[in-house]
Amino acid sequence: MDRVRSLAQRVSNWGRWGDEDERGTLNLVTPEVLKRAAAAVRQGRAFSLGLALGADGPQTGSVVGRFNPQHYMTAIGAPFGAPGGFHYSDDVICMPLQCGTQWDSLAHVHYDGLLYNGVPAERALSASGTARNAIDKLGSPGIASRGVLLDLARARGVPRLAPGSVVRPADLDAALERQRVELLPGDVLLFRTGHLQVFLEGGDRETYLWQGPGLGIDCIPWLRERDVAAVCADNTAIEVMPCEDPELFYPVHLLGIRDMGLPFGEMFDLEALAADCERDGQWDFFFAAPPLKVTAGVGSPVNPLAIK
Amino acid sequence: MDRVRSLAQRVSNWGRWGDEDERGTLNLVTPEVLKRAAAAVRQGRAFSLGLALGADGPQTGSVVGRFNPQHYMTAIGAPFGAPGGFHYSDDVICMPLQCGTQWDSLAHVHYDGLLYNGVPAERALSASGTARNAIDKLGSPGIASRGVLLDLARARGVPRLAPGSVVRPADLDAALERQRVELLPGDVLLFRTGHLQVFLEGGDRETYLWQGPGLGIDCIPWLRERDVAAVCADNTAIEVMPCEDPELFYPVHLLGIRDMGLPFGEMFDLEALAADCERDGQWDFFFAAPPLKVTAGVGSPVNPLAIK
Amino acid sequence: MDRVRSLAQRVSNWGRWGDEDERGTLNLVTPEVLKRAAAAVRQGRAFSLGLALGADGPQTGSVVGRFNPQHYMTAIGAPFGAPGGFHYSDDVICMPLQCGTQWDSLAHVHYDGLLYNGVPAERALSASGTARNAIDKLGSPGIASRGVLLDLARARGVPRLAPGSVVRPADLDAALERQRVELLPGDVLLFRTGHLQVFLEGGDRETYLWQGPGLGIDCIPWLRERDVAAVCADNTAIEVMPCEDPELFYPVHLLGIRDMGLPFGEMFDLEALAADCERDGQWDFFFAAPPLKVTAGVGSPVNPLAIK
Amino acid sequence: MDRVRSLAQRVSNWGRWGDEDERGTLNLVTPEVLKRAAAAVRQGRAFSLGLALGADGPQTGSVVGRFNPQHYMTAIGAPFGAPGGFHYSDDVICMPLQCGTQWDSLAHVHYDGLLYNGVPAERALSASGTARNAIDKLGSPGIASRGVLLDLARARGVPRLAPGSVVRPADLDAALERQRVELLPGDVLLFRTGHLQVFLEGGDRETYLWQGPGLGIDCIPWLRERDVAAVCADNTAIEVMPCEDPELFYPVHLLGIRDMGLPFGEMFDLEALAADCERDGQWDFFFAAPPLKVTAGVGSPVNPLAIK
């Protein structure tokens, strides 16, 4: 944890947008950034980056408290009023807010008793959820910006990075270089490892959940220097799993979410988008992925859109 | 129902996009429309149109099967790994897919045994949900387009339309005229009645749920002629409640969703957006409101974004 | 709270059955008591004391976290295997463990940081439930004993005690006297106020939930002296509501559950049983009301049986 | 299915207790039977036959719609009123009604479009549950009777019957003979296969769920002739799995539940009770296992009690 604490001093955004701020790096999405985002719509093609939200989702039940969505019908073509007329169907869902394609709120993780922006965890967290840094703050309004996709698998010339591979700053630079795309402050960075294929094609949920290739801890300063507004990926944790140092759990989460106030978007399906970008060479797009405004929630499912 | 059946022949979109189509009027959102939508981002200001998704939502429990979201914590700052390090919080939500700001899928309502595009209800609907016209079809990709807001309350010079007032085509025309904005094929139409104030300011959920001012049945041809891609409002049913003819339940739902394949977005919070548009005179914007891709679902909560 | 702390010294059962005990006064149900219970079956008539567990239950949603059960079908006559053969239906329930006829576990309430038998609340309670004094402990095995019904309404010659009436030890004695029944150590005491009629007949859930006639604080020593194994009633809290001293919340809960280790059974429907007992003069019976063995649970729904 | 239909004629109880009956063989529990049940309490020892109801339950998620209970805290030692005083904890459960130790209602299975007592399935079953033969009918009042345990594993001299072994009438007779116990009309029959050890000791849920030793179809007339009131076992389906005839799914369910109106109690933990009975030679007891009165429900979890 000493390495985390030391890096935290370097990358922290606490106080940068005021002591009451609960939106973190989303503050970087200025009107200018939104206009730049809109300007990336050059062809009028849209992509959904969300996995199907159903019983066939990526969860196995092996993560405490996480399971695939349970979907119940409360009306199935039920008649209402006179016969022959109006019939309706209604439904209910029970699901972990982080069971599939989703955002982490800035209250999702913490250490040393403090959440993002110095909020005492003990005061914020309870059976009612989080009183500070909840997901609804990220959704008011948000999350939309210019998105930039980095295809780390194609950059290495492989269909997918091997389970457990660590992504280094040099990998990110190489992908930017190869794709000839610029990453600007306020952009949302999406990176593709190809690891989602392990689940989507191979049906191997355990490997998908627990052995994702992903960012190593030294990508944290890289992200901070570029002032990205959010980071998204097709793995389950943005960062590499298992963690680089077996004694140090989820350091990228801790530094990104708690110290930088950087929203993490996980389990994004980037396959079709990446193939399209590879084809036409346009790697930036309008990105809109508004989290549900769950009061006091620590995460949210989302169906992200990329529009080129 | 004879009036419904007769109007249906006039406005039906069945077969228009193929016999297998499950996206309805979202097909009208062409690449050109998306580019036009992006061009509406002139100032870089974003608005969230979603209500808070929590125990304080608009539901009273008086609608069968609908209640406000139930939010449970499955981890509250739980330590993981070595002491002093990583702590995390996780949560679960149980909610009707149509309890707050939400989309109706094209399977939500039907009559005469057929869903949108002639799908037999009996074959599509079961305890598992809907096998056709499910909400995930509207989310792949979607829903994004140019949005146009009509402020019907300001057009009439009132803070909000009275409960139960019927909106006529002339009201829509008058608002377009007043606002000097053009509604084009493929646009999403959002109209504000101000009725949401009854709940948000007055706390009167029953009146909000059951007595919304809204579209009368003769707005259906108006919508069809203009080829809007979706229609959204701040009331609970798009159409007026109670229904114009007490014997004919939800005719606008039946004709819009089942015959036209027109997605309905309900309980949108348009207050801040409308005030801003009134101020600067820009009534169109980039609209992004992707429904969750709930497998076999008939609705979805959403946090819609409008970006000017 | 000083009165509570002082009374606690007098009635406490901490340590009485060992420092590890989690079953409290259920320890009083010895083999002799169970044989005495069986001997009360003289006529072979059984009564269910449970309210219907469904959407029409007593909850209004005005108690934080409590609502009526939500019941979902996951299969509705679904065929399995060859046509014409096996069809099945399955269902799911989501419910507060204390939404209707139910048991409080010995972890349900506490004060001064300690649960029953001196267990530190902070160590026992978490998002996972309670690590000590959970409801499954009361169910292994249990709860069964000789039951004795006291009809406090009939003793006062009224159909039901008025909302908010305080029951005193003299009322309990008078009912015992009138009914000529003996209350013995290890028995389960059930008392009827008639207050349930306010909900069942009058549909007034708010008054039912919040203004129940019930035990005053001076009944606590009375219960302790008689060594009852559990106490059940047709009101929602055993004790009177609003509480006698508006500054002192739920003192009977605190002293009964936390200090005595006395399980509380609430919202029991005693109407038919009481009428039968009045008719034949037999006020004791075999009582079996086993709580569900919910791991780490703090309460349980139950369908109690009385067999005369 | 012809064999089923033919046997049905022989064992059917339709109309036996009136055309409106929804309690089936529970009608056999007369006052005399209840008195006989009470007389079986000779020693005053109680046993809980319920499995723990929690995340460690027997479900794997491989059965559609069935999962282990999800338990959520809605208050965790929350203070109410003045500081230092009352604190409380509350919780919620979401669970399939048949995920662990449980009762099947008489609406759980059917064939040829009819439920028990000739009720048309189409009229009874909907998204709201079952309008007839629901589990609350079995709980009003009930289920209590004299229980008789048959230890089929000990009768064969094995710790547990092999997965998939078929139990024949001769096995039941041999166990009765060995145990020198009489089975009388109105008794509840419980039989132990020992198969539960596969889950409890071996942790092998798949084998436990899908390969239980159990009754063959020719036990159905045997049960009918003896007029048992209910049948319970430590396997998951009473009957053998896989089914004897791979083309004929769950014939014992169909004949028992739908034709005889015989409640099935599944996944009972009979280990400790059986060991005790073997030790002292008393194989009968008072049996109390009241299902929750879930309105329109098709099953119920239960914590059954046996008192000797």
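A, B, C and D label the chains in the order they appear, each numbered from 1.
The rule is short, and it goes like this: a contact is a pair of C-beta atoms (placed from the backbone, for glycine too) under 8 Å apart; a residue touches a chain by one contact, two chains touch by 3 or more.
From a predicted model like this one, the values you see are computed outputs, not experimental measurements.
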{"item": "Chains touching both subunit A and subunit B", "value": "C, D"}
{"item": "Shared interface numbering between subunit C and subunit B [over half = same, under half = different]", "value": "same"}
{"item": "Whole-Å gap separating subunit A and subunit C, where each centre is the average of the chain's CA atoms", "value": "47"}
{"item": "Geometric centre distance via CA averages, subunit D-subunit C, whole Å", "value": "26"}
{"item": "Per-residue multi-chain contacts in subunit C, two or more chains", "value": "70, 73-76, 92, 94, 126-127"}
{"item": "Pairwise touch network: line, ring, star, complete, or other", "value": "complete"}
{"item": "Complex interface listing, subunit C residues touching subunit A", "value": "70, 72-74, 76, 92, 94, 127"}
{"item": "Sites on subunit A touched by subunit B in the complex", "value": "1, 4, 29-35, 37-39, 41-48, 50-56, 64-66, 69, 71, 73-77, 80-82, 84-98, 107-112, 121-122, 125-130, 136, 139-142, 144, 247-250, 253-254, 286, 288-299, 301-305, 307"}
